[in-house]
Amino acid sequence: MSLLRLQDVSKAYGGVRALRAVSFDLRPGEIHALVGENGAGKSTLVRILTGAVEADSGTVEIEGRRVEHADPVAMRALGVAPIYQQPALLPDLTVAENVAMGLERGGPWRRIDWPGRRERARQLLARVGADIDVDAPAHGLRMAEQQLVEIARALGADARILLMDEPTAALTDREAERLFERIRGLRAHGVGVVYISHRLEEVASLADRVSVLRDGELVATREMAEVDRNELIRLMVGREIQALFPKRTVPRGDVVLAAEGLGCRASGIHGVSFDVRAGEIVGFAGLVGAGRTELARVLFGLTPADEGVIRLRGAAVRISTPAEAVGLGLAYLPEDRRRHGIIAEMSIAANTTLAALRTISRAGFLDFAAEREIAASYQQRFAIKAPSIDAAVATLSGGNQQKVALARWLATRPSVLVLDEPTQGVDVGAKAEIHGLIVDLAAQGLAILLISSELPEVLGMSDRVVVMRAGTVAGGLDGAAATQEAVMTLALGHQPRLSA
Amino acid sequence: MTYERGLALCLVLEIALFASIGWNFFTAGNAGEIVRASAEIGLLALALTPVIVTGGIDLSVGSLLGLCAVVLGVTWRDAGWPITVAAAAAVVAGVVGGGLNALLVARLGIPPLIVTLGTYSLFRGVAEGVTAGVRNYSDFPESFLFLGQGRIGVVPSQLVVLVAAAIGFWLIVHRMAVGRMLRAIGFSPDGARYAGLPVGRRLGSVYLLSGMCAGVAALLYVARLGQAKADAGTGFELMAITAVILGGTSIFGGRGSVGGTLLGLATLAVLQNGLRLADLPAELAGVVTAALLLAALGANRVLQGRSRK
Amino acid sequence: MSLITTHRRELSVAAAYGVLLVALILFAPAFYQGANLRDVLVGAAPVLVAAVGMTLVILARQIDISIGSQFAICAVVAGMLAKAGLAMPIAAAGALAAGASLGALNGVLVAGFGLPAIVVTLATMVGLREALRWATEGVWVQDLPPGFQWMGFGQDVGRFAIPGLALVVWALVAWGMRHLAAGRAVYATGSDAEVARLTGVRPRRVVFGVFVVMGALTGLAALLSAIQFIDVQTNSGVGFELRVIAAVVVGGTSIAGGKGSLVGSLLGVLLLATAGPALTFLGSQAYWDRALQGVIILVAVAADAFGSATRLKARP
Amino acid sequence: MRRLGGGLTLLALVLGAGACRGGGGAGGTEQGQTIAMMPKNKGNPYFASCRTGAEEAAKELKARLLWDGPTETDPAKQNEVVEAWITRGVDVIAVSVENKEAISTVLRKARSRGIKVITWDADTEPDARDYFVNQATPRGIAETLAGHAARLLGGKGEFAVITASLTAANQNEWLRQIRLVLAERYPEMKLVDVRPSDDDRKRAFEETQTLLKVHPQVKVVMAICSPAVPGASEAVKQSGRTDVHVTGLGLPNDARPYLKDGVLDSAVLWNTKDLGYLTVYTAHAVASGALKPGVSSLPAGRLGAVKVEGDQVILGTPFTFTKDNVDQFHF
């Protein structure tokens, strides 16, 4: 019998069909991966399974019983536990309370058993191998710790069905590996896992079966052993993707940006030195928490440096605010697109020109014609799919949002571009387009810093790789010397134990 | 239909209603009186529009108006400064008061609601302290009173100030790069910072501007009534905020327009004036205003919900 | 987590309060006569009761600026019921019910229709106040039965019972906020309503609930205030909302929701309630009082902002 | 540009289209005068009782009475209401003035439009109105109040005042006069503190409580606004201090229970109902031309012939309510 069965489930938002007659099942003790490009309908499917939205038609069965009028509480009671990429914890409440939320029976006037809560939280966290103070407020935890708190909560709920939506996006490889062990462990207890990820390597090593969604339809469900990576990609995009990383030969220019002994106590980085030349892409590799994003924030003036020197074309500069950084020709595409990279409610045109308002204004007054011209040219150049440049960015898919975010920085005509996880949460097709754009930009003479947690991306895109560890530079690798093993050795500080 | 057109339609209907049931409502003279009575609140509302567009609020404007009026009186009568210099001093006092708000909001990052709740008491309290609550400044020179009581042709002199301020704020909010930044800050302060916008400076500047407008509004108030006292402008902040929100500016920031604020202001001013000319009790204005505000919120929500899909 | 880090804000308010109390020992020991302390507590009781409700509202990431108008209406309702010859417990229940209904009105508009609380309660604040003025023309409710004042228990019992009841309400709600699921749901809603919803909390119900509780407690506050007198003033409670919000905010409850405690609110109420008479005892002129109150609010919040800024920097 | 344009166009529309009918002045068709009467604050029971008298007189005279004013004390709002009445075209305006400088300009404007203007309760500049219905002069009030305090203190000792708000114009004028009377007649009496009550009985109550403890030697509390009388009386009553007495300016209905308790010694006031009544009679007489310079007596319905002194119509001297006479008054 299936743990979970969907039969001909459809869902439309307004006039847009998000899911079309999707049928899907999950067996006990199975890890069933769900892959597909952004906008393929994965998140809608997850929302239906968590009870956040209701299907327009079709049936959902859990352990053979049909679920009517689901809501998040009812679905949890039926043993469905969602675990999100951004852990959904209540920031002001303690860990113990977060673990207990939604687990305890009884109405709103029941009494809270605090010692019991703490004890159970300790036990559950021990089961996922986490050593976390149960009285600490959740907002102080690191991402991986928050993830573990969520899994502990799911275990506490005796969840039979785990929905994991990109759970490793914010984890270090070691943390991810520990998470996989936990997931495999759950399988032995008859728990079924729906596992959603863009990282096909992960899916290949973890899943028993894989289902592929495309444009709201479930195009295939296969045994993992019977399908290879290329076929999966073909199923996802409906076409073959040729070169994953575009080849190129660009003459390197002069050193544009150099850091000497850069440090910032508040963000825990110190003694960072490197340089980037015009037309060069320098990849920044390292574990999550190694200080790469923190370094980018220092360069961009979000957390100003308190030691060391930043040089632009040889001249020492002081960058204490993002505004100064932009003035000096720096651009920073941040990691968290929705919160930092775009302003979702504003139009494509307004987002595109937001950092370059000076170039489209005269004496402080906006030149709307110039704005439209710039926005339209980037829409065309980046193939941004949108009804018009007046559409709110919120209405676009993740990949198109990222292109708008990138366009914003190119509109400032920067000389240095810092890209922080430029393809995170972007589907395969858009990813290739963005890679192409990055290479074009380097060809035009930009100095590019590429921060990515996907090693193949760093290795495939970069001319050189700088590896960071514990807030400082662990070493640099040039061209052919940059291999996965070499990077991991530097990143971990010892011989790596590769999982795949 | 856009929200603003709906509001404009309401205003036209309102005018038509009062024209039919009020005595001498639909006359040039009365239009002048409506403008005259609403000029100070209008100035405050105009200045509050960019504040609310950034997602902030300024509860201290009415109190600051009172403080600036007192400063005008003290510098002119007690210190014997020429009226023009005293007027400048009052506006400077507004800028200083706004600067205190700016400092606390933009530098220390304290929520504007809390900051201006504190300065709401502080400014009024300083005005009362300085005058011991008692002193009332009057007998201002005719040349100064012209600002509040005179006419240029048929146009009340305040209208000139109000129109100038309206055009100025319209340019700032809708036509200048600064306005774009304010919107971005209102939608997402973090997003604006990551786009390299000088968020702190821009936030500070809207509170400074709001303080300055409170200073100018104080001049209009004193010139209109011919007296300056510590209780000047009591309750004006609520009227001004009501006008802005009625005008369709979102209390959450990002969305809003100066034209809407003017329409909201006109709706309120016509309501108060019309009720009087129709011999209806003044308390009705409060009740109707409350209903209008709730209706406006509802309408805005429906319209936004529709545009999102 | 040590007591100092988890209750930093409460401790800093307590410290400020301590400084004020010490200053009074040194410069105005007359402040400590029993009768004065009692009067300060009786005077603070209605504010405390309303501050309990306001703490819940702000913890749930809402605000209610209409309570001054609710306060006036509830007092009038209690007075009119008593005047109509109903027994005092019924009149008291009427005041609470009137408050709860007005709170429910706000609650429906905010939780049901999803309108922003500050604008909704701005509208009800203006609308209710003017409607009451229209209905009563400011004429007081007079010639009440003798049992109205002190609810018939007499002055000695009444003056003890009013702050006592307020403290009992405070203690019960403080206990409930910590030890009942409903209390934790308020924190959860204010912390992150969407996440709370996913864990089984019903944020809209919680928001509706806190507005109703706020209204009922405003009714109780109005009652505790009204029964100190022999008749009912109809335009009472002007500016009440600002006093209550200031006390809660000074007590450290975050306007962004989810953070704060009733211990802090109690301290905030006491600090502000003591500051007024204390200034008189210290010989301040009445016309500087308002300025000093503003300074107290600003210093309290600014000190906190400095504190949290350094704390953020200290964290890696 | 369109949006701003829209707003400004509408404004212009009101101005422009209005100009066609400007100056028309449609006064209303019914017979009888339209008397517009304004209190300082509509939400104050003092004025509510004036209104009952005014309505009584309007009925007798078959005049149309408009009763409107600020809902909270606010000089700016008073000006706006007068402006509206000028626009509306009433026959006579009667104002209880909050601030005499602030309102004088607009009252002069009303007169220049042919509208008769009288003041009542509180006066403006003499050239801004035709007549003032004077219930009692500030000097008279000050003398009466100071006299009561002196009697209670035996001419020697300390007393304190609870006022409406620190910015209330009439209260401040009374205070000034009280200080003058003290200097002239009672040099051994000392006014130790003035505390505000914001027209709120609760606040008056709390201020009095504190006052009694900070200044235990104060034996008389003088409450000079109507909500402060019951507030201060209640505070004294609850304190149990039998050596402290309250006097002040208040309505008999508020004062009655405390007068009977003996906490409140006396409450000074005029008959507010008669004040409203006389104001309407005066307004009617001024508008119909019956009351003009040189007239020394005005027939005012049930009040009989009322004395006119120059440009003031005199209601009478302030009346002191005590426990013996208060039951005769109900307002």
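Note that the chains are named A, B, C and D in the order they appear, and that numbering of residues resets to 1 at the start of each chain.
Just so it is clear, a residue touches a chain if its C-beta (ideal position, glycine included) is under 8 Å from a C-beta of that chain, and two chains touch if they have at least 3 such contacts.
Everything numeric in this text was worked out from a predicted model, so none of it was measured.
Comparing the chain pairs B-C and A-C, the larger number of C-beta pairs in contact belongs to B-C.
Ranked by how far their CA centres sit from the centre of subunit C, the chains are topped by A. For this pair, subunit B with subunit C, the centres built from the Cα atoms lie 30 Å apart. Per-chain CA centroids place subunit A at a distance of 71 Å from subunit D. Centre-to-centre spacing of subunit A and subunit B amounts to 45 Å, using the average Cα coordinate of each chain. Shown for subunit B are the residues that touch two or more other chains, namely 128, 132-133, 281, 283, 286. Across the assembly, subunit C contributes residues 130, 133, 286-287 that each touch 2 or more other chains. For subunit D, the set of residues that touch two or more other chains comprises 42, 71, 166, 196. Interfaces, counted as pairs of touching chains, are A-B, A-C, B-C, B-D, C-D. Taken in their complex, subunit B has these residues touching subunit C: 57, 104, 108-111, 113-115, 117-126, 128-129, 131-133, 238, 241-242, 245, 251-252, 281, 283-287, 289-291, 293-294, 297-298, 301. For subunit C in complex with subunit D, the residues that touch the partner chain are 30, 33, 35-36, 39, 43, 130, 133, 137-140, 142, 155, 159, 225, 228-231, 233-236, 238-239, 276-277, 280-281, 286-287.
In the complex of the two chains, the subunit D residues touching subunit C come out as 41-45, 47-48, 51, 71, 166, 193-196, 198-202, 205-207, 209-211, 213-214, 227, 230, 234, 238-239, 253-254, 257. Within the complex, the subunit A residues that touch subunit C are 50, 52, 72-73, 76, 82, 88-93, 97, 101-102, 104, 106-112, 114, 133, 135-136, 140, 266-268. Across the complex, subunit A is touched by residues 171, 175-178, 180-181, 183-184, 187-188, 190-198, 254-255, 308-309 of subunit B.
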